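Next come two complexes built around subunit A: one with subunit B, the other with subunit C.
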Partner chain A sequence: MKRIKKKATFENLEEVLQFVKVGAKAFGFDKAAIADLILAVEEVLVNIISYAYTDQCKSGYMEVRYKNNNSSYSITFLDTGKKFDPTAVSEPDTSIPINQRRMGGMGIHIVRNIVDNLQYKREGGKNIFTIEKKK
Partner chain B sequence: MEINRTEHNGIVEINISGRLDAATSSDAESVITNVIEENNTKVLINLENLTYISSAGLRVLLVAAKEMKAKNGKIILCSLIDNVKSVFEISGFSIIFEICDTKEEALQKF
Partner chain C sequence: MAVTLNRNDGTVNFVFEGRMDTIKCMSAEKDVVENINENDQVVFDLKEVDYIASSFLRLCGRASNTVGVENFSVINVSPSVKKVFKIAGLANRLNIK
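Moving on to the complex of A and B:
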């Protein structure tokens, strides 16, 4: 397992994405799968950066860990921000007309479509969210 | 991300290149909103040089489409590369937008 822990800011986003990219490449994903995975990771991190710490005066961190077994690559996101369960976000209706359409939940919807498994738990004041993508 | 606009025969073409994500979406939004607020009703968004779009980028396009709809105008997107196209499909945006394969095809639809 490898990990990176950074202050949850947009300035650090690229570095964390690069970290995940290196792992995904080593795992053996092809270019298209890596591009999809990075999009999913960015959606999760942008959520953390944008919303996790908005209720607090001090900023917090985002931690990303990845590990692989033979057939799947899993990425875990940790933050100490307010409780947020991405797996509980309802699916947006992507068939409704444009003028009624809302953006909420679109990021997690994209994540759901890219990865094979999502898992969330709240433990010790942390949001622990894991996504898993199979080869 | 780079964004620029050109005009031909009453159609405003907005060209977005590079990455349209959380870091760049507000710049893109202000350019597109300006174009719509100037009462242009025919807008072509050319994405041939767009290499990456995230949900923050999709949000900008959705806002633009809503504003345009309120003015009875038309937005057409064209020339999406494969990985951008795949994000449109995943999000359902390929259904709500009019998307053409080429700029020439798009220009004929206004």
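Moving on to the complex of A and C:
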């Protein structure tokens, strides 16, 4: 398993994405699969950066770990922000015309459609969210 | 500006380049919002774009809501980008070419 831990800021977003990209390449994903995975990771990290620490005066960290076995690559996101379970987010109604939709809220929906598995747990004051993509 | 803008006879053409990730979209949103009004036709040209994050969908929503969905179009969309519009259920609800 490899890990990176950074302050949860937009300035650190690209570095964390590159970290995941290196791992995905080493795992053997093709270009399209890597692009999908990076999109999913970006959406999760943007949620952490934007919302995890908004109820606190201090900023916090985002930690990303990845590991792989023969057939799948899993990425775990950890933060100490307010409790947020992405797996419990309701599916948006994509049949609604765009001018009647709430702007935003598509990130987790995109993640769900890109990866094969999602898991969440709250442990030790941390949000621990894992996504898995199979080869 | 995060995008190139061309205005001609009420049509505002925004040409985006590269990866339209969250940070770039945040910057582009200001450029778009400040340069369109409800009487415009707005075109987002994605010829040089190979990646969009969900924040780009929000940008499309803002533009579309300002000028009306019938006056908003997204052109030169690559298959990988179109996939994101499809996931969001927008591929058939916006004028995407």
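To be clear about the criterion, the second predicted complex is superposed on the first by the 134 of 135 C-alpha atoms of A that agree within 3 Å, B and C clash if a C-alpha of one lies under 4 Å from a C-alpha of the other, contacts with A are read in each partner's own complex, and residues count from 1 in each chain.
One rule holds for everything that comes next: a contact is a pair of C-beta atoms (placed from the backbone, for glycine too) under 8 Å apart; a residue touches a chain by one contact, two chains touch by 3 or more.
All of these numbers come straight from a predicted model, not from anything done at the bench.
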Combined model on subunit A where subunit B meets subunit C, clash or fit: clash
Partner chain(s) touched by A:I110 [first = subunit B, second = subunit C, both, neither]: both
Which of subunit B and subunit C A:V46 touches, first, second, both or neither: both
First, second, both or neither for A:G125, with subunit B first and subunit C second: neither
First (subunit B), second (subunit C), both or neither touched by A:F10: both
Touching partner for A:P97 - first (subunit B), second (subunit C), both, neither: both
Where subunit A meets both subunit C and subunit B, residue numbers: 10, 13, 32, 35, 39, 42-43, 46, 92, 94-95, 97-99, 101, 103, 106-107, 109-110, 113-114
Subunit A - residues contacting subunit C, complex: 10, 13-14, 32, 35, 38-39, 42-43, 46, 92, 94-95, 97-99, 101, 103-104, 106-107, 109-110, 113-114
Residues of subunit A that touch subunit B when the two form their complex: 10, 13, 32, 35-36, 39, 42-43, 46, 49-50, 92, 94-95, 97-99, 101, 103, 106-107, 109-110, 113-114
Contact footprint of subunit A on subunit C as seen in their complex: 21-23, 50-51, 53-55, 57-58, 60-62, 64-65, 68-69, 80, 84, 87-90, 93-94
Contact footprint of subunit A on subunit B as seen in their complex: 21-23, 52, 54-56, 58-59, 62, 65-66, 69-70, 83, 86-87, 90-93, 95-97
